[in-house]
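Everything on this sheet refers to the single structure shown next.
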Amino acid sequence: MSAWNHRHLLGLEDLSREEILTILDRADAYAREPEGPPRPVLKGKVVVQLFFEPSTRTRISFGRAARRLGADTIDFTVSGSSVSKGESFIDTARNIEAMGADLIVVRHSTPGTPHLLAKHLRCGVVNAGDGAHEHPTQGLLDILTIRRKKGHIEGLTVGLVGDIAHSRVARSNIHGLRKLGARLIVCGPPTLVPQYLTTLGVEIAYHLDAILPQCDVINVLRIQFERQRSGLFPSIHEYAHLFGMNRERLALAKPDLLLLAPGPINRGVELTPEVADGPHSAILEQVSNGVAVRMAVLELLAQAREA
Amino acid sequence: MSAWNHRHLLGLEDLSREEILTILDRADAYAREPEGPPRPVLKGKVVVQLFFEPSTRTRISFGRAARRLGADTIDFTVSGSSVSKGESFIDTARNIEAMGADLIVVRHSTPGTPHLLAKHLRCGVVNAGDGAHEHPTQGLLDILTIRRKKGHIEGLTVGLVGDIAHSRVARSNIHGLRKLGARLIVCGPPTLVPQYLTTLGVEIAYHLDAILPQCDVINVLRIQFERQRSGLFPSIHEYAHLFGMNRERLALAKPDLLLLAPGPINRGVELTPEVADGPHSAILEQVSNGVAVRMAVLELLAQAREA
Amino acid sequence: MSAWNHRHLLGLEDLSREEILTILDRADAYAREPEGPPRPVLKGKVVVQLFFEPSTRTRISFGRAARRLGADTIDFTVSGSSVSKGESFIDTARNIEAMGADLIVVRHSTPGTPHLLAKHLRCGVVNAGDGAHEHPTQGLLDILTIRRKKGHIEGLTVGLVGDIAHSRVARSNIHGLRKLGARLIVCGPPTLVPQYLTTLGVEIAYHLDAILPQCDVINVLRIQFERQRSGLFPSIHEYAHLFGMNRERLALAKPDLLLLAPGPINRGVELTPEVADGPHSAILEQVSNGVAVRMAVLELLAQAREA
């Protein structure tokens, strides 16, 4: 319980190495006992999910995490809400807080929305994805999955493959993994890999086959098909040919390569089905670790609020 | 607790007479104490409802049943989910399982969807309606209602009236009631009554007035108006005239005729309001028994998983 | 626990002064301990929210209140329900009751819908807004907020400002505050203030500046912009000029004026931001008090059902 005194989790950029390790250690304990005894550390607390973008797994995962800790959960999605009556975003959030919310989990297409909420609310705020900025619990669950599979992070070479430019998952992975001492290579079509990432201590590559032999971990980001329509890459087929993980490409990799994908995946694009379901893949472990990470985050934030 | 070792409930076709009786006996106990003491036999378990078709009563009924047994419930409907991001059905289900689901209740317009899930998942699967195939908990609640009202099933003559061809409820009733020894007559317009049902030991009739005097129970299936638009029967008015239950028709029936309707009903079509709300009708008992049946099913499946 | 033996809460018009005070006293106790020890007085009970109009705060507030008292809650909104299959409103409600509902919280655009339900159901019914008729828990939370801020109701002068004609909140405020001995002035454009309200013991005014100096409390009703489009007042700008609460107008008021707004508010129309967030405003206390009022109502109704 040492290194933690934040009342919000807005991004991994804001956390120290020790704070990230505090979350990971706690999450690891939860991951080891997925059906363990109840830990009602949030008994009587209220966790509100305020989602302005569609979500399956993140929303369900946070809800499950909160209730496993004994909290009451409230789902607030845009449809059917007062937002359609013209109420301002901050007023909506303040109202939710006034109903007794202790923690608000927010997803919004505008970067910085969670920071805005944190400034205006007394309750704790968790960023569940803000535009292309950060998605810290996804970054943490990727990192936890790597650590549980590899035993450590420091010294590993991790390749992030795909649409780096528009990916909040990429950004959270970069901040987290760099702080824990991994070497990071981002790889994708030049239109989808921004040059400024080198300032974050990241290496840039455009050919997956060239970096694959060096990687201990490959994290395959989701391709959003609308990027192709907007001309950022030539065709889905060509993308899959150059950057998709398939059996032939796996032959170039280390024998113990670990494959992650934050999902939802497009089978046959980022990964062939045989690779997605094969022995290198930890896709479903990521999902399970996600609940554990969110339990750890909610618990630490609630404790910081009480301290 | 004797005759049960299935990890899934996919259809009544798959169950033995003894297995059906095991569910009915357990459900009967729950039905007798609707506000009884809490029975947290699913404490710490997670029941996910994965619905790809709209539903009121089935979804609410399963949710209520699960929470009365102490489970955490997660509602997953198509809108606002990753399915819109192109994720495959099985990937969605596997992700839900990885978040800790113990039992998945699934409704889908494609027959066989629950069987597909059962093949790919480790958790238990309950069919809450798969196309025109089966809806086993509806069949069980119909049968439970008959048994509670009549005291037995064996030897009863049960008429199933309406759109037999497109009804998963009809199919589950037929399998369940035949195994328990009832005589079954299906009755409706020839376009809505498939001939092959005779191979299931069912009699076929086209004139309700002709069979009504023999029936101890009439189960009135819902007419979906789009069938009329597609030419399968001439008009709603004529349908109501030939197959609707009204006061005049009731005069032809046994004095203790039991009337069921799985609902939602179209008042004035399948039943006149005075019949729907009259002394023969057990429509609302069916709904109450539905919660009891689902409690029994969820409990038996959870126990089979642990065994 | 003295003055309460209603099984439904349909409107404040139906309640005596003593009954209103019974609710307020109980609600006040809950409001004093927002994070107090659990009071599972509704343990094992089922509260269903049957909403036929969009709602954020009312729906979440009732849900939170019910679960803080230990109830299971079921959300039933129109979309994705059997109502789209043509089922009658009463049949839907009876089905929900048959699944075990103890209390149904209903919102509907048709005045009298909760009364209709109360007539046809055995379970308790709470009106969460029926057209322009009543919204009793909103009225109660406004009154509770006044009493907690001012210490009493009797003898206070309360101004209700805005669209009185179409406001269920106005009607519930009027019935409740009159019974508790407040002087009430309704104020708005002549097209939005019906003359018949004088029969309820209410004074009518058309100029806010004229009544403001006499008021201890101003309750600012929401303007629905579609009223302007339908010609009931000339322009949003002119409305804000004549009836909006701003800093200049506040200078005319008593120094301890209390400002309420049932929300969601249109900032810059009914209130300027500096007034909405200023020292006179109790908007967020209203929201918090709303949960306490709903806890009190649900508890009293559940007790009356058992008695």
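As written, the chains take the letters A, B and C, and residue 1 is the first residue of each chain.
One rule holds in what follows: contacts are C-beta pairs under 8 Å (C-beta built on N, C-alpha and C of every residue); 3 or more make two chains touch, one makes a residue touch a chain.
This structure is a prediction, so every number in the text was calculated from the model and none was measured.
**Q** Give a one-word verdict, same or different, on whether chain A and chain C use largely identical residue numbers at their interface, taking over half shared as same.
**A** Comparing the two copies, chain A and chain C contact each other through largely different residue numbers, since under half are shared.
**Q** Enter the angle, 0 to 180° in steps of 5, of the rotation superposing CA atoms of chain B on those of chain C.
**A** Angle of the fitting rotation, chain B to chain C: 120 degrees.
**Q** From the mean C-alpha coordinate of chain A to that of chain C, what's the distance rounded to whole Å?
**A** 41
**Q** Identify all positions of chain C at which a residue touches two or more other chains, and write them in rising order.
**A** In chain C, no residue touches two or more other chains.
**Q** Show which residues of chain B lie in contact with chain C when the two form their complex.
**A** Residues 34-35, 38, 54-57, 60-61, 63-64, 67-68, 77, 79, 225, 263-267, 284-285, 287-288, 290-291 of chain B touch chain C in their complex.
**Q** Can you check the complex and tell me which residues of chain C touch chain B?
**A** Answer in residue numbers: 44, 46, 72, 74, 76, 80-88, 91-92, 94-100.
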